[in-house]
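Shared between the two complexes below is chain A, which pairs with chain B and chain C, respectively.
For the complex of A and B:
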């Protein structure tokens, strides 16, 4: 990583670090949710931006994380942090099972399949399957976690817990970009056939990207359950998936600063303009169109080395 | 048995509405290869515009059928113009951009439509008057069919025949099919592809406007956010039939309508959506191009 980039990340993390000092409780909640949504958006970016698979059902994995941890906590009384390994494992397995028969589909078909899975997931939790998911009301009374005797009972401590997880995820994704897996994803996105021809096991890496994205999103789901202590199906519906999808495209595919900025624009900005309640989403839609027209590759597009312009191919 | 016949009648009615909406998706996808996510909200908008025009003009006509036809025509004109503007403003600048940018632009446009409806007509549901079509019912056996269902079935049938003739038997239709196969080659053959795309959007909006008003007349209650649900169902119908394929969208719409209403009648209405998408996923796994779609070789 270049030095200037490191400074930018440090400034960003520094702002997040001192943000609670300047915010009241409702803005602190927005801050925590911003961090959680950033994690989901970053995991969506692994599937959509880095591996180039059109996934418009990512809120499902977010929801799987939240629901499994909440069920483990409220029904089986397992401390919620202990649920994380189980959650990661289960959502990775589900994502692989889901992706195995469908992964070969072309872009738009995959997009529709993932939408379909998200809607099926919605119906499953809304219809209170096995009497565990609480139906349309969701699950109440999720316990806040404790670690080495420290209780994460205050909202501030949950904020810093989420902040800590975000740092871990950022480090992981930075490492991913420079690893063999990250390069495989990159080739996969640029040209699937060419990637296959140079000996990349595209099927394996596509499943790997799905499983990785799903696990990270499910960790964010656990954080979401911890933050609100209440979860309901609406937090994981198709609209949320579209939000995460849009965040990645508006911010810039496979660009970490882009995704973070996208999360800010798509989630925090509407909260700031809450007073203009009725007009804000109208303006918001216009802004989405304008952003795409003015910056079709996203607000902060990722630059891959120095490539002459005439070699760049739009797809 | 009467449940079966009743559900088939209901399924055919809703299926033909799905088919009308699905045609808008499939024609745009066929030429421009992108999912026009704003189409469903355009359909919702046309339901509202149609209702408003109907309530303004109904007093000046003695017969409500004529009032409906007049308001249908005015709605079609308005929605086609909006469809053209949508293409001109939100999609044309993005022809050369990465494909997902156009998708996000469409999502933004859908959001604009949805919130514009909410700002103009308010967030509460509106209702089409109950006497908009004389409330006649015919019994055969234990099943019933209403006049509105017959009208919807007949009108959709004629509209689809008309579209089929337009696409397959006219010069414009040939140009539309050529542009769908290869835009650059079509341009080299002297076809004005931009004009074709405008025609496609106008046609799709027309069919969507008819579908939207039918939805209002059949279900009566319309809400500002209904477009998304019907839109996504219609889009699923387009995929089941084979996306980009015009007869496929008609077939897929009817098929999906029948499937939905039979599931709701025999199994469970709370699981209807899940069954629809399980069907969709199975179709995509075993026949990824849909019922009528042709296999497209991957370009290298």
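For the complex of A and C:
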């Protein structure tokens, strides 16, 4: 990674680190949710931005994470952090099963299929399946976790827990970018046939992108359940999926700074302008339209052509 | 030794028989040409061979093994790699990244190395990038390493596509009209490159419209018309075959004669 890029990330993480010092409780909650939404948006970006699959149902995996961990915690009294491996596994399996028959579909068809899954998921949790999902009211009374004797009972500690997870996810995505797997995602997005003809098993990598995106989103779902201790179906409906989808498109596909900025613009900015009431969504809509006209590849587009130094010709 | 053997290959689109019981075989170290008029079914043969189309009938045998109906990626991993008539590069990516795509399946990295790098995956990564550097030097592309391929002139893009194919360490390189869209100078470079590749031990199968190039470089030619083989042999035999002259070369000759008569 270039030095200037490292500084930018350090500045960004530095701001997040000291942010709680300057915020009251409601802004701290917005900060925490911003971090959680950033994680979901980054996972959406793996599927949509990197592997180029139009997944418009990503809030479903976010919801699966939240609901499974909440049910495990409230019904079976399992500490919520223990739910993470279970949640990752289940959402990876569900995403692969869901994607297997549909993955070969062209972008727009896949989009409709994923919307369908999201709506089914909504109906399932709203109808209180097996008496576990709590119906339209959702699940409440989720316990805050504790780790090595430390209780994450305060909102501040939950903020830093989410912050820590974000750092892990960012490191992981950076690793992805410099690995054969990550490059395979780009190859199959840019030209699926050409990628196949140099021996890349594009089907495998598509499924892997889906599973990876779903797993990370479900981890964010667990954090969401921890933050609010109450979850309800509206947090994971189609509108949320559209939000995550738009964040990636507006911010810049497969660009980490783009996705983070997108999350800020699409989630935090409307909160800042809450005083303007309904007008804020007018501004919001106009902004989205202008971005697509002026910068169709996103506000901060992905830059290619960054290769190891030892490859450059000596001058 | 027969590397590739195609037997009775037939591909039908609706009512159109694009390839009709075509058979030929390519020996190791050969530069094998397939020629024929436009729409004769040449590219269809390549598409069947590389797994993009499923043939209705016939078999593709690679080193004694039946690989008919294998998917494209599996065929590429067996050592058959192709280029496209209309260049298909990852146009938003730079030259080095494009060539690196050929190393993707050779790389020993597992899926979890996409999440966590280990000393092994870092070594593997470096090894493959160095191989890319080597190929760029071979193909005279090192000056353009970080250039996005969509910004390169056509001739260079061809070279990148061939470089990408080489990166997969193939045995058979299938070139679909490599000279299409190239100027005279670039075509000459291409001719030299094809000879160089042959000398490096690659076997080459090519479709070409540029008759000069085909007659210069190939060892053996199959002529296809309306999906059927009408002739095969060395360039000398093919050039003098009456059926070929009629189907293909003949048209030009007739025009030339006509011109002379008028004069």
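Just so it is clear, the second predicted complex is superposed on the first by the 305 of 315 C-alpha atoms of A that agree within 3 Å, B and C clash if a C-alpha of one lies under 4 Å from a C-alpha of the other, contacts with A are read in each partner's own complex, and residues count from 1 in each chain.
To be clear about the criterion, a residue touches a chain if its C-beta (ideal position, glycine included) is under 8 Å from a C-beta of that chain, and two chains touch if they have at least 3 such contacts.
Computed from a predicted model, the values in this text were never measured in an experiment.
Engineer: Which chain, chain B or chain C, is in touch with more residues of chain A?
Structural biologist: Counting contacted residues of chain A, the larger count belongs to B.
Engineer: Determine, under the contact definition given at the top, whether A:67 touches first (chain B), second (chain C), both, or neither.
Structural biologist: Neither: A:67 stays clear of chain B and chain C.
Engineer: For A:176, decide between first (touching chain B), second (touching chain C), both and neither.
Structural biologist: Only chain C; A:176 stays clear of chain B.
Engineer: So in the superposed three-chain picture, is A:228 touching just chain B, just chain C, both, or none of them (first/second/both/neither)?
Structural biologist: After superposition on chain A, A:228 lies in contact with neither partner.
Engineer: Using the touch definition from the top, say if A:208 reaches chain B (first), chain C (second), both or neither.
Structural biologist: Touch partner of A:208: chain C, not chain B.
Engineer: State whether A:200 touches chain B only (first), chain C only (second), both chains, or neither.
Structural biologist: second
Engineer: Given the touch rule stated above, what does A:37 touch, chain B (first), chain C (second), both, or neither?
Structural biologist: Neither partner.
Engineer: Starting from the residues of chain A touching chain B, keep only those that also touch chain C in the other complex, and list them.
Structural biologist: Common interface on chain A, chain B vs chain C: 193.
Engineer: Could you please specify the touching residues of chain A with respect to chain B in the complex?
Structural biologist: 54, 101-102, 105-109, 111-113, 115-117, 119-120, 122-124, 126-127, 193, 238, 242, 245-246, 249-250, 253, 278-279, 281-282, 284-289, 292-293, 296-297, 314-315
Engineer: Under the stated contact criterion, what part of chain C meets chain A in this complex?
Structural biologist: Per the stated touch rule, the residues are 50, 52, 71-73, 76-77, 81-82, 84, 88-94, 96-97, 100-105, 107, 109, 111, 113-117, 121, 124-126, 128-130, 132-133, 136, 142-143, 145-148, 164-165, 167-168.
Engineer: Which stretch or stretches of chain A touch chain C in the complex?
Structural biologist: Counting only chain A, the residues touching chain C are 172, 175-176, 178-184, 186-187, 190-191, 193-202, 208, 212, 304-308, 310-313.
Engineer: Within the complex, which stretch of chain B touches chain A?
Structural biologist: 29, 33, 35, 89-90, 93-94, 96-105, 107-112, 114-116, 118-119, 232, 235-236, 239, 243, 270-271, 273-274, 277-278, 280-281, 284-285, 288, 298, 300
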